[in-house]
Amino acid sequence: MPIIEARDLTYTYPGGTQSAIKNMSLTIEKGDFVILTGPSGCGKTTLCRCFNGLIPQFYSGKLEGELTVVGLNVVNHQIYEMACLVGLVFQNPENQLFALSVEKDVAFGLENLGLPREEMRNRVDWALQMTGIEELRERAPHELSGGQQQRVAIACVLAMQPEIMVLDEPTSFLDPLGAQKIFEVISELNRKLGITVVLVEHRLDLASKYANHVIVMNEGTVALDGRPREVFDSESARLIGVGIPKATRLWNMLRQRGIHLDGAPVNSEEAIQILRGALKRD
Amino acid sequence: MIEVKDVRFIYPTGVEALRGVSLTIRDGEFVAIMGSNGAGKTTLVKHFNGLLKPTKGDILVDGVNTRKESIAHLARRVGFVFQNPDHQLFCETAEEEIAFALKNFGFDEATVGTRANWALNLLDIEQYRQTSPFMLSGGERKRLALASVLAWDPKVVVLDEPTIGQDFEQKEKLRQFIVQLNAQGKTVVVVTHDVEFVADCAPRVVLMAEGKIVADGEAKEILTNKELAFKASIVPPQITQILLGLADFGLPTDIIDVHEAGKLLLSFLKEEVVL
Amino acid sequence: MSVFEGFRFRRVSSSIHRLDPRVKFLYVLVIFGIAIAFFEVLPLIFLFLIQIPFVLVASVQREWIRSLKGASFLASFIFIVNFALAYFGGTYPTSMSPWEYPLAMSLRFLVLVESFSVFFLTTSPDHLSLALEQSHVPYEFCFAFTTAVRFVPVLAEEAQTIMDAQKARGLELERGNFLKRVRNYIPVLIPLIVSAIRRSLELAETMESRAWGATKKRTNLYVLKMKSADYVMIAVSIGLLILGIYIRLSISIPSLTMLLT
């Protein structure tokens, strides 16, 4: 059941000479964990902002084509209406936290919605628990590390109980271990709560193992769209300049020399499994 | 040459960021300083151009104690490319931006012009000469910041987390550029937590954890050591992870390069195929 | 910057910290009112001294003393100006010696500063914002206030980073005459301002994405409820006010000069 459907989506920023996205069409199913990737400037960030209405409401300009998110035509709804369906997590953790305690920040969206106090308390407790940051409840955002701040940002969005969570390069400022923690949290939300995830990432070696759907964008439109194996294995991915996981590259290398192994791993665990099988075969 | 002699550093807030660090970086070396966020990497390199002065211990740059020289003097020799170029850009044109540092260091007008030209061309941003830095894209601003540092031709170039927010192509170009810089004789110090990037360049690696140096040696040895990786909270490169998972088959595990790993596996698998 | 330390909230819990900010503010207003009503030294000394038990109970002595040090500079300035006017201009109550009136003026200033200092030292910005909200100040202002407080340390750090970045390009902030020094700060100010603007844009995006403006009836996770301690404090404040009015209207206060001679 598609939860996001885009048809011929085109958008130009006001004052821009070129369209940021041109004639984009894609379908995302409910429960998908999508990785959205592509070279800098390909339109990934623009697309994310269309999903919750920031484009065209906040950025003005005209959004052409059709975009249906959770059954709603984005153009006809206010951003605050979309906020309960689509949550957005941004790149810079620092600029997503305004309050002086984590608890208050997580409640921010709920306060905006005018929810009763009892319900807010429950949701805040729940969100803190699901993201594993209960012990940070009373802390001030400035005291937290980047990774902790980003988990708070995810909790803030989670508290609004969206059906879709869109994350725009959330691990840019984090080290690999911090990034891994974030991916694990998001993956859990996807598996346990069925939240559809759209993750914009460059670090495919770390992120690809969680995804079941990869969309590669280039110059404002969809270049590749399919399962991780298919996409990373394709020659076009390499030509576009996407950071293909080393495991996949290894497979390609072996294949070029005449060794055809099963599968097409995107991470080290899969590669190890397949190789162990191949090496045992004697 | 940069000598770090048993340096301890405590921030005014009381945080002890460096707890006895000793290190020597010789001219022409290519060093990657690695470790998780908070290990003390950036604090350490900020001592190289005098931005920070050690609480205890000494730093000598080309034999001169950093306590005895001004930051401007040290910066002439040790160029620092900060993580966020937006913390530096303020001029009306890219050309002026590059000229800023040159003027500060006392170069005469003619030299400023020549050097600015050279730097713009080197980083492939000549066409933006008269453009406002604020109009450039993220990647172009990073190149401008790098150009403005190279313009004054420092002996040592320190790059703080240069790969953050960059896509694959940009990282590749950057890697090639840095390798070339080093080949031309510059001492290059890169502070990074990007293991794959380091695995591709294979420089000398200085691994830090909790304000101390826990390892110092070849990238190959350090990145493939499981205990060290755990201690310093870093993740080994994917290729190494794969080989480590096959260690009981007798394969060597000290490989970080994908081509080497390919050749190795080829020989192992072909043996079996032939058999 | 140390004078500002005397106003910055520290996360400590004491009975004073737990008082409702509105009640504390009422107390400060009462002190303010009484202080203005008197120009005799004795009552002002008394007003100054009543702050002290509050300071001690709240354990904020160190910061409070620091704000005192900062304020005393301006207080002595007030003293000198008033003394000059009184001594040479002859405009002071004849029951006092010429130094008593200026002393009273500077004391009055200190009382005002110090009572505000206690207020800010014992009230978290969160609490303050909540009090404003419950006093029907439009939410936009309360939000702007807490967000500003939240970002002060962030901006301070960023300013430091920018200064480091420019120093690493040879900028020498300490060199040159006054004019040159001011111009030297342009490479620090512009990136700081540009960064602040970018930051605001990102903050706005986040706010919108979290349903900002969804309803006019915004709720709050916390609510300030008056407790018995608050009512006691209100009683104390009103009591003080009545006492002050009574003394002002019916008792003539001896001047310090008269007492000493």
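For this structure, a couple of remarks:
Note that the chains are named A, B and C in the order they appear, and that numbering of residues resets to 1 at the start of each chain.
We take it that a residue touches a chain if its C-beta (ideal position, glycine included) is under 8 Å from a C-beta of that chain, and two chains touch if they have at least 3 such contacts.
This one's a predicted model, so the numbers in the text were calculated from it and none came from an experiment.
A complete topology is adopted by the chain contact network, contact being made between every pair of chains. Compared on C-beta pairs in contact, A-B and B-C come out with A-B as the pair having more. With centres defined as mean CA coordinates, chain C is found 45 Å away from chain A. Mean C-alpha position of chain A lies 29 Å from that of chain B. Averaged C-alpha coordinates put the centre of chain B at 46 Å from the centre of chain C.
Contact residues of chain C toward chain B in the complex are 158, 161-162, 164-172, 186-187, 190-191, 194-195, 198. Put simply, chain A touches chain C in their complex at residues 49, 52, 54, 57-58, 79-81, 83-84, 87-88, 90, 92, 94-101, 103-104, 107-117, 120-121, 124, 140-142, 156-157, 160.
For chain A in complex with chain B, the touching residues are 38-41, 91, 145-147, 169, 172-178, 180, 202, 205-206, 241-247, 249-250, 253-254, 257, 259, 267-269, 271-272, 275-276, 278-279, 281-282. Residues of chain B touching chain C in their complex: 46, 49, 51, 70-72, 75-76, 79-80, 82, 84, 86-90, 100-101, 104-105, 134, 148-149, 152. Put simply, chain B touches chain A in their complex at residues 36-38, 137-139, 164-171, 193-196, 233-235, 237-239, 241-242, 245-246, 249, 258-259, 261-262, 265-266, 268-270, 272-273, 275.
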